[in-house]
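Down below are the structures I want you to see.
First chain A sits with chain B, and in the next complex the same chain sits with chain C.
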Partner chain A sequence: MRKNRNVGIVGVGQSVFSSHREEVNQPEMIHEAVVEALQMAGITMADVDCVVHGNMELFEMVHQPDLWHTIGTGAWGKETLRITTGGTTGATLVAAADHLVASGLHDIVLAIGFEKLQEGHTTGGITNMADPLWGRQLQTGALTGMTAAAIIDEFGAERARKAAMTYRILMDKHAMKNEKAHRRLGLEFDQADELAVNSPALVGELRMIHMCSQSDGACAMIFASEETAKQLCPQPAWIRDHITVHREEMFCIFGNAPVLSTHRYAAQKLFARNGITDPLSQIDVFEMYDPSSWWGIDWLREFLMLEGDAHIRMVENHDIAIEGKFPVNPSGGVIASNPIGATAMVRVAEAALQIMGKAGQHQVPKPVNQAMASGFGGTMWTVLFLLTRDIPAMG
Partner chain B sequence: MDTTYADSFIVEGKLSLPYQYFAGRTGSKFIISLRDSKKILGVRCNTCNKVFVPPRSTCERCFADLTQSWVELKDTGVVTGFTVIRYEEPHQPVKPPYILGMILLDGADTPFPHIVKGVPISQMKTGLRVKAVFAKKTTSTIRDIDHFLVDESQKIEIGYTYDELEIGMAATFTKTITETDVYLFAGISGDFNPMHLNEEFAKKTPFGTRIAHGALPQCLIAPVLGMKMPGLGTVALEITTRFRAPTYFGDTITARAEVVEKIEAKRWVRMALTWTNQHGKLVAEGAALVIPPTPLS
Partner chain C sequence: MSRRVGICAVAQTPFKRDFWEERFQGMALIVLESLLEQTGLKFDEANGIQASISVSDDIFDARTISDNAMTDVLGAHFGCEEKVAQEGAQALYYALAMIQSGHVDTVLVLGHCKESQGQSRNMVTHTAFDPFYTRPVGLDFQAAAGLQAQAYLQKSGIREDQLARIVVRARNNAKRFPLPLEIEPVDPSDVQNSPMLADPIRSLHAYPVTDGAIGMIVAAEERARAICPNPVWITGVGNCMDSFFLGDRDITSNFALEKALERACRRAGIDRPQDAFDVIELSDQYAYQLPLWCEGIGLCPENRMRDWLDADGLDKHHVNLSGGTLAGSPLILGGLSRAASVVLQLMGKAGDAQVDGARRGLAHGVMGPAGQFHTTLVLERDGSGR
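Moving on, here comes the complex of A and B:
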């Protein structure tokens, strides 16, 4: 991607994520994240040129929520933009903020992703809008057991189920290190067999324990031009590149013919133009949008362009643990916290915190020079980010 | 291009999306105060000195924390804007038509919407003073204030203004003249002419019995001009009367005024006057020149 100038992430703020935030209304919850991000960046709202605001449209049944939310976002009197691209909204917000600063339109941009899923009717919205008998080239809803079935087909039931539970428990162990995470269950590996049987079944082999939560929460990030970022922050997280890929239909319209996933396609393009030939060694941490343990496993293979059972072995060997060879989701990931409009932004925000060395208890115990973050949404949308510790070369 | 297509197939869909939202700590305190103490709370921004109602936890202008600066507001205020809801939907708080006003409470800087009652829709206007009427039964919502009632004392009625008057508009007042009226009028005016008071004297006059003072039926035009046409606030400049027949005790007199001329240069109005009795006989006729009421500020 050709850039006019570099953009650095200089502030990250997150509200506490929870199944319901009854003590705050929407703008108040957003305000928590905004204040934290401003504090980290060492600026006030007066320094912010533009506010980018996003959530899932109508998930909270508020028309044009950005107007009401001005009370908490600080957007009064500022340029603002509202973005809603489904599950990828959070990552698209980051992409938009990057464009706004890189283009030279603004020096400092605040992006806010939020969701108060407890107040709306998420599944009613995304599942019931599809017409089951009339494809409308539209498949909605995140609850699907197809990936589980495919992994079981390929690797056998026992190995597949065990890998899914290992992935799940590793993510929970990460969430336990993240005080803001929603679901922190304190799972142990010896509970795997029992959970794999006793957790309520959702669809096929997809069980409640595998699935992400519905959360209330907000994330705010502050983006600055290279010059400004250097003044504000000793170590910004630099946006090296990002890519957005989507396809209209969820599955291959020609039936079961092999299909190139948007994840793999995005990774191929992004790696090629950034000289990444060995992602496992060139990327230090990956914050992946993992709506369920099954997708988590499968998508490792896609994003890292792995073949055979390499992705399963990564899970079995705990390579993806925070202290492992290739840490994935030290924050606990989407399985732990899923305020949808914020979720994909939290991936980039957490990757940025790892670069900045500000991830606290869940900072990975090794130098983080390059981090990757992904966003996912229906039907098949992928947004993939590369962040670096060093200022990217202008090309 | 012809865009009609008679065979177009329609796929029906329906979404039913119930929802709820948290008022939060600040919003909840506002509701609890309405419910438990019938008090309307707001918050003051100590930086920009604005008072927000309903309360919010931050000032979006200066980003100050407002959660600790509560103020109690009066239950009175002024309507700064309004609309009339005439269509009916299940989610509406009351049956249409009703008035939804923006109420700026005394001491507040931000108006908020609520239902306004106590004024006909046709006479609703901004600037009316209102007072909160609390609901008899709590619902733990903003409807613990049931509505805002327009303050009666400020309703200043006036008659037809010059611009509202049209040629041909008319009004009447009718009253039966009794012996008591005549005696009282004699006292008021000092006119103790025996024609009005002494039956034996009156028998010898051309009328053969007592008659009322001419000015007594004549003054029945005053309630017409002053209270009906043009009405409240009218100033009479000139009234001329030609008496045509006597008024006997027990006669029922109808005084009538009709707009006959609008004098644009002065914004005065000329009225034709008649007085008739119960037999339709013309008792008197005349004219009046009046200044119609002007809108009060």
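Moving on, here comes the complex of A and C:
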């Protein structure tokens, strides 16, 4: 990749995430995140050249919501762009902001992802994604028990269920350190057996406790060209590279043929072009879009190109804990907070905070030189980011 | 601006009132096949199309993630696709950024919409209004345009017969333009006697309900020259967002259009936009908007619009020789369609509407109530020498 110029993340803002943000409307909630991001970057709206906006409009049923949200985004008189790609939207917005700055069109770009899921019906909205003739009767929103079944098939029910619950409790322990997180349940490991039985079943082995939340929330990020970023911020998080991999709708009446996952495909390509041969040692923290504990476990194997039961062992040994060998989602991840249009941006934002050393209570207790963040959406779509502490060499 | 980016090919389905025989994926496929045939490209990361930018709208499509159902047509199976969920001219703005950033060299831009699917477009644009203050009073883009038309006609003194002539001209122009548009000519009396939609907007003053898809291949200079003998360069882009609440704006001021154009012209190195363009394509969703936007780009001295129209200002400045949005294009593909018309002119492919020696053109897109958001694109061919 011959990138035109480097782009640094200099500001991150997040609203409080909650199941019901009834005290604010959409622009007001966005405004919370925007103000925080501007404060961190030490700039005002006057310094921003372009505002990038995205969410999933069928959830709240607002057409082209950037028009109304101008009140909260501060986009009046600015250049703007609205990009959406379903669940990956937040990460795609980061990719778009990176393009807008790297191209030289803009020096400072503000990107905003938001969702107010309380104002719509999330599962109904997601089900509307499926083809009205061929897919809609089969679609159950984002709920699926297939991955749980596959993991149980491969590793046995007892080990698989225990790993899923360990993953879940580790994520809750991380969320307890993140005051912005929506679900902070204070789970302890001795509750695992009880939760595995008593949490309401959703689909197959997928239980309520395994599944991500439905949240209201907004995330804002500020991106600057290399020169501007150095002036604004002692330690920006630099965007080293990113890759977007979509795939076709995948309901297949001929059975579940073995396919390469988009996660592994994206990771392979991203690692190859950035000289990453051993992700576990070359990446210091990973913010992964984990819609459920089962997907969280399974996708560790794909993103980190692991074989056999290495991913299960990482969970069993608590390697993925904040103080572990390979911390995953020190923010608590998507299981803790999921305002969908913002969720994938929060992954990149949290990875950036770790590099900038500004993650507060959930800062990982080791140097973070390189961080990875993933977005997930659509029909197994992946957007994967690498952020670095050092300025990337221009290839 | 950094490296040059060119448009290498344009394709469009027929734009018609009800494209019942194709689903939106099928409409997009018609466009894709034409683009691949024109350019000889494939979806190939080394030398082919490396990423796709789609344009569509979840609410118009009644599909969450409206690009999800068309991954195959967008060549995005194990590939990169992103959706511009805004007015279509913004897809060219974004394609420019994506290529100039260095990430990719060749991009497919493909937009679709079936406005006929809903009972009324106004039901869709009604939901663009906030649920607390403006939705309860029943606003939609058409009603907002009615308010803008009231204010502008009063200010400019434009007569009803002048509006009728704008509509008649648009439909006659569309018949001469090579892009397939299903639109019938009308007489001035048809326009002046058509039913009132939102006073003073009559039904023939409004752009017709339209289904269709449109696409382009956009590439970095070196690739563009390899793909196409006469690429059209995107030399300037600019857009601007105005206030949301109509009461916070002077809705006849052209604030956002002027700022958008100023930005595009700055990037293209143009000092006097009023003399800079050989062809101009404006998104006129309603008849009154064509003179209003013409004022915004400085074609007519202030308060002289009535005389300017009578003196054939539109023809003299080669404004909307394609028929414009009034000849029918889906709301969200308006600016992309206008850009396509300019590209054909600059490639010398505009048929009976061809402006001899056209070298530089302006394309314009607009979205939101009463023109809240404007996009402008400056397009040039080789040898424009400016």
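Rule of thumb we're sticking to: the second predicted complex is superposed on the first by the 379 of 395 C-alpha atoms of A that agree within 3 Å, B and C clash if a C-alpha of one lies under 4 Å from a C-alpha of the other, contacts with A are read in each partner's own complex, and residues count from 1 in each chain.
Definition applied: a contact is a pair of C-beta atoms (placed from the backbone, for glycine too) under 8 Å apart; a residue touches a chain by one contact, two chains touch by 3 or more.
Model, not experiment: these values are computed from the prediction.
In the superposed model, A:His31 makes contact with chain B only, not with chain C.
Using the contact criterion defined above for the overlaid structures, shared-chain residue A:Met61 touches chain B and also reaches chain C. Of the two partner chains placed by the overlay, neither chain B nor chain C lies in contact with A:Met372.
In the superposed model, A:Ala96 makes contact with chain C only, not with chain B. Within the superposed three-chain model, A:Gly120 lies in touch with chain B and out of touch with chain C [touch as defined at top]. Contacts of A:Arg21 after superposition: chain B is touched, whereas chain C is not reached. In the superposed model, A:Met345 lies in contact with neither chain B nor chain C. Legend: residue contacts after superposition of the two complexes on their common chain; A:Ala267 is shown touching neither chain B nor chain C.
Look at A:Lys78: by the touch rule set out above, it reaches chain C but stays clear of chain B. In the superposed model, more residues of chain A are touched by C than by the other of chain B and chain C. Once the two complexes are overlaid on chain A, the chain A residues touched by chain B in the first and by chain C in the second are 25, 58, 61-62, 70-71, 75-76, 125, 128-129, 131. Interface residues of chain B facing chain A in the complex, by the touch rule stated above, are 11, 13, 15-27, 56-58, 60-61, 63. Residues 1-4, 25, 51, 54, 56-59, 61-71, 75-86, 92, 95-96, 98-100, 102-105, 125-129, 131, 243-249, 260, 262, 265, 377-379 of chain A touch chain C in their complex.
The part of chain C that touches chain A in the complex is made up of residues 1-3, 51, 57-59, 62-65, 67-69, 71-72, 76-86, 90, 93-94, 96-103, 124-132, 237-245, 259, 263, 267, 367-369, 372-373. By the touch rule above, chain A contacts chain B in their complex via residues 20-28, 31, 44-45, 58, 60-62, 70-76, 116, 118-121, 124-125, 128-129, 131, 134.
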